[in-house]
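Multiple structures follow.
Shared between the two complexes below is chain A, which pairs with chain B and chain C, respectively.
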Partner chain A sequence: MSGKVSRQILLYGIVCLAILLVPVFVEDAFLLNKYARYLIFGMLAIALSLSWGYAGILNLGQATTFGIGSYCMAMFLKLKTVPIHTGSDGLPDFMVWNNVTELPWIWMPFHSMPFALLAGILVPALFAALLGWFMFGGRIAGVYAAIITLAAMVVVNLIIIDQQSYTGGFNGITDLAQFEMAGFTFDAYSASTYYLVAICLTVTLFLALAVSRSKTGLILQAVRDQEERVRFFGYDVALYKTFVFAFSAAIAGLAGMLYTIVMEFASPTFLGVPLSLSIVIWVAVGGRQSLVGAMLGAVLVTGVQGALSESEAFLETWTLVMGGLFVLIVLFMPKGMAGAFEALARRFPKAAPEGGARHATEQAPKSQPHLGGAL
Partner chain B sequence: MNKNRREFLKVGAAAGAASLVGFPHIWSKNSSLAFAQGGEIKVGVLFSLTGTTAIIEESLNKATLMAIEEINANGGINGLKITPVVEDPASDPATFAEKARKLVLSDRCVSVFGSYTSASRKAVLPVFEKQENLFWYPTLYEGRECSKNVIYTGAVPNQQQDDFIPWLVEKFGKRWYLIGSNYIYPKEENNYCKKLLEGLGAEVIAEEYVPLGHSEFSSVINKFRSEKPNVIFSTVVGDSVVALHRQYRAAGLDPATMPMASLTTSENEVAAMGGDAAAGHFTSAPYFMVFDSPENQRFVEAYRSRWGGDKVTHFVSESSYFQIHLFKQAVAKLAASDISPLAIREAVKSEEYKAPQGLVKVEPENLHCWLRPKIGQCKADGQFEILTQSADWLEPNPYSAYPNQKCTAEGLKEV
Partner chain C sequence: MTPAREQLLALKQVTVAFSGFVAVDRLDFEVASGELRCLIGPNGAGKSTTLDLICGKSRITAGEIAFRGEPIHSFKEFRIARAGIGRKFQVPSVFRELTVRENLEIGCSRDPGVWRNLLRFSGGVDTERLERLAVLVGLEDHLETQAAQLSHGQTQWLEIALILAQDPALILMDEPTAGMTAHETNMTAELFNRLRGKHTLVVVEHDMGFVRDIAETISVMHQGKMLAQGTADEISQDAKVREAYLGSGGIGHA
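Up next, the complex of A and B:
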């Protein structure tokens, strides 16, 4: 067992190292910016993999907390810009357009960077904790929980579009300052921004791995497989589920903040249904019971999507082609790439060198997928 | 857990090392590379071919490509061919931003033509401003933007309303009902409309906003019935406008006494709702498909023979078309080695072109266009009848509702 764990950590480390080394080989500003964007999607996939793959909570509204994080960062960066017609401590332009005369109280604390950074992580987490407490406390599970997450996202999205005096409405928050921290300026096109994203991704991945390998992680997997039985053992199932739900939201919030830095704007489409469903697809393609699999799934799918849509041959059909590929993957690789990879490794025993791991597989073949496998 | 932590430290150290190696690579603009290379000039074409706004944006894509083909067939610009790089931003602001980046940074396009909604324009704006590139925006919009990196060839509020509002007040009366979709465009148009109405002594009896995509207008129509406005000023857009017109007609209201006046209902929207539902209502725009001019005849014929005999042209596809010709004229003034986005911007200032709508000109101060507004009434066959047109071309004033602000070549100024 411990051999397997260390192999897993090694694998995760290699993946992260490879990600961190990319700017050594890639200097193109456009590519760095694009890859940083893909990595942020990878973080979202990790977040969903934790709640869906490990705890069985299908969150169809993962983009809600992503969007909240993104808006927190956008509010902070917006206040750093100097508005053309209201001067250095003036109102953001869209507020002037909406006839707002003074900065709303909810914007006030976003002058402070520590507050904004904390808010970008804690507000999504608290939002999810509250929603989770109501859902899981009320023993709402499965498809009903999925519907509630979806509905909550639509509500937040509508509020943002409707309250345009405070949120910029449909256009979102645009014309932002560059993010600066510890003497670095994070230009969206620079290697520094790529590293910022890559380091956040690495930290996130290992934190998520630690949670999934902890006792809490085991209980969550038990909850996923047999919720009633775990409850009879005396565990507070709702508490565990709320925890992982909020933790996943915090990751999404962090990803959202980075997304604003990389995209240079925040938009209500960041917390839209299309993005949320995309996250589900990435995770399904990568393998929902593998954190690194889900992450690579996101990078791969968005990468292929970008490449297809840029190729002239698929210009008008790329969405169709993507749809077809997803159907095939779900039909033939129900556990995603990670699952397929493990199945391959099992079929060719020499590829899986350690006898201990194989032994465990033979003894308890059924428990293998539940523990997330080597990936 | 222990191993985990150790591995974590290892990765952290590696990350630090990698960043030390990586930082010198921070990107610098390679401005030495010429934009016109190998006998071609690359331009980006950025209209959604899929997604919610694909229907209208596809027509803009077609008009743009047609203009490029025309120019290339006539020998290009000083012998240089225009090579369009077409991308599909899929009606999504984030994808717009990504594709704009690709066109500007990776393809090194000298200009990008594209986008329809304000949300997508706002999403691509930072790319063009930071990379000092040039974006050409063909759509009418709410104004209040003063970017040095955008050429705006669509109408701003003063150009569509200055003639239209007084004309409607005189013809129909002073009780106005303002209905719009809930976002910045209708609010800004209404801000200017209310200003004009106040000057004319007219009264706004209601100002109402429905969510984007709203399609259930029965309560709104009941209010029309009970309030009996003389004019309904509609800035409802997208699918909602189709629903509003159809339900208005189904309710048996009469355009002869309570017409809807719109700034966005073009031949394209009318085709979607059916001529019956649109008949009798009014639109103000710089261009209508029926406009009688040799340039327009050529444009409509070329468009239909290129893309299909049942296709309509409209005031956004027309500006998508003529902005390519303005681009051509500007580039033609430059030596091949001087071609750059900012050189093109300087060259296009005050440039005139005989567009299908009539002669247009780029205002050097704010990079918007002098246009020729017309008032059209829709007929049951889906075409408009042009009732009047402004005597002269009209100056663009993107800050028309805010007399103390002015967009100048140096940026926005307080007056």
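Up next, the complex of A and C:
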């Protein structure tokens, strides 16, 4: 048991170390920016893996909390630009265009960095907790819960677009200052921003691992299997589900804040259906019951997507190619790449590190012959 | 039936109607602490429904259910469980994707809070107790086996072990020997005889041989009402009981 856990920690550590070492080999700022974006998607995949893979809550609106986090950071960075993009009285440019004369109260506290950073995590978490308490307290589960998460996202998205004078509407919030913290300036096209994202990803991954390995994580998996049975042991199932839903939202909120730093704007498209469904696909491809699998799934899919869409040969057909790949993976690897890898490691308990699964060796610690369960 | 025993569970005039159909009709049912009570009756008598009402799976229409003197029928299910009532379902219900050990860890639910369980890792539970329970139900060699791979009888035993891990004062068992081989049924009877006195049990059962093996007192339900109560011999002599069972081919196969 403890051997399995230490193997898992080792594997996760190696993956994170590899991610942190990327800027040593890549100097192209444009590439680093792109990779940072992929890592943020990886964080979203971790968030969904927790709620969907562990607790069985399919969240089709994961991008809602991602978007809320993103807007919190954008509001803070916009107010940082006084007076260039805000006018001398500190009013953001789009507000002036919309004839707003006074900074709305909701914007006021975003002058403060600690508030903005906390809000970017806690507002999504509270939003999810409220929605979760309503859903899970009312025993709404499965497809119905998924529909509610989707509907809630559409509502938040519409509100943001509709309240143009406060949110920038369709255009979102643009022309932001660079994020500065502890004497560092995080230029979107620099190694520093990549490191910021990579460190946040590492912390998130290990935090999520701790949750999944705790007894709470075990109970969540039991809820996924047999919700009724868990309830009759005396566990407050609604509270457990609300917790994981809110924790997952907090991760998405953090990812959203980072996304604003990397993209240098916030937009209502961040809370869109396409992104939300993409997250589901990443997690399904990577393996929803494996945090690191889901994360690598996101990085891999968005990476291949990026490469295909930029290549001459697949310029027209890349969506078709991706679609075909997803269908194949879902059909033949119901547990995603992580599940397939574990099955492979189990089949070749001795041979795996040397030859059996070549692609696996780059992740697998050589001294461990058996990796089943480490993902 | 010893008068010295303290009353643990009391159903008073409990009625439940599902869209007009009265499944349980002004039922009075009392169980004393430490008792092993069997609940029998023809199909549709309302036995499983009665267990559902006690553990909160279904809600009563009228009457009162008291546990240790306190009315519990309006409690949420998890509160009823925390008060000390455990339930084994008719269709064995375990966590199939988890190992036997993980299943047992979930059964140990004395501290059910989200926050404290976040800080509790595999080492945090009483491993010795888990292993003792596994030995009790003969699953000590299967601790790392996924529950989905167990046989039907083993799955039934695992669920019984989960309830014992929960350590409730009152255990409700719905047909624990359903689908078991004769050998497995005998071993289950042996297990129940070992639980006697340590836990209070209410067992719904169809297998009369098994009931004879374990029961002190038998309660017979028919059409939502309590028909008779007594020892195995008293029950099998009872004219009303014989009559109730006639339609279903005799008491042995009911």
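Basically, the second predicted complex is superposed on the first by the 346 of 375 C-alpha atoms of A that agree within 3 Å, B and C clash if a C-alpha of one lies under 4 Å from a C-alpha of the other, contacts with A are read in each partner's own complex, and residues count from 1 in each chain.
Everything that follows uses one rule, which is that a residue touches a chain if its C-beta (ideal position, glycine included) is under 8 Å from a C-beta of that chain, and two chains touch if they have at least 3 such contacts.
Remember, it's a predicted structure, so these values are computed and weren't measured experimentally.
When both complexes are overlaid on chain A, the residue A:E102 reaches neither chain B nor chain C. When the shared chain is aligned, chain C comes close enough to touch A:K215, but chain B does not.
When the two complexes are overlaid on their common chain A, residue A:R229 makes contact with chain C while staying clear of chain B. After superposition on the shared chain, chain A has more residues touched by B, the comparison being chain B against chain C.
Touch criterion met: A:P274 reaches chain B, while chain C stays clear of it. In the superposed model, A:V5 lies in contact with both chain B and chain C. Applying the stated contact rule after C-alpha superposition, one finds that A:F243 touches chain C and leaves chain B untouched.
Taken together, the two complexes place residues 2, 5, 210, 213-214 of chain A in contact with chain B and also with chain C. Those residues of chain A lying in contact with chain B across their complex are 2, 5-6, 9-10, 12-13, 16-17, 20-21, 23-24, 27-34, 37, 84-85, 94, 97-98, 158, 161-162, 164, 169-172, 174-176, 187-192, 195, 198-199, 202, 206, 209-210, 213-214, 263-265, 267, 269-270, 274, 306, 309-310, 312, 315-316, 318-319. Interface residues of chain C facing chain A in the complex, by the touch rule stated above, are 55, 57, 76-79, 81-82, 86-87, 89, 93-98, 101-103, 105-107, 109, 112, 114, 117-125, 162, 166.
Contact residues on chain B toward chain A in their complex (touch as defined above): 1, 3-4, 7-8, 10-12, 14-15, 18-19, 21-23, 25-27, 49-50, 86-88, 90, 92-95, 97-99, 101-102, 104-106, 118-119, 122-123, 125-127, 130, 144, 146, 182-184, 187-188, 211-212, 405, 411-412, 414. Interface residues of chain A, counted against chain C in their complex, comprise 1-2, 5, 210-211, 213-216, 218-219, 221-222, 224-226, 228-237, 239-240, 243.
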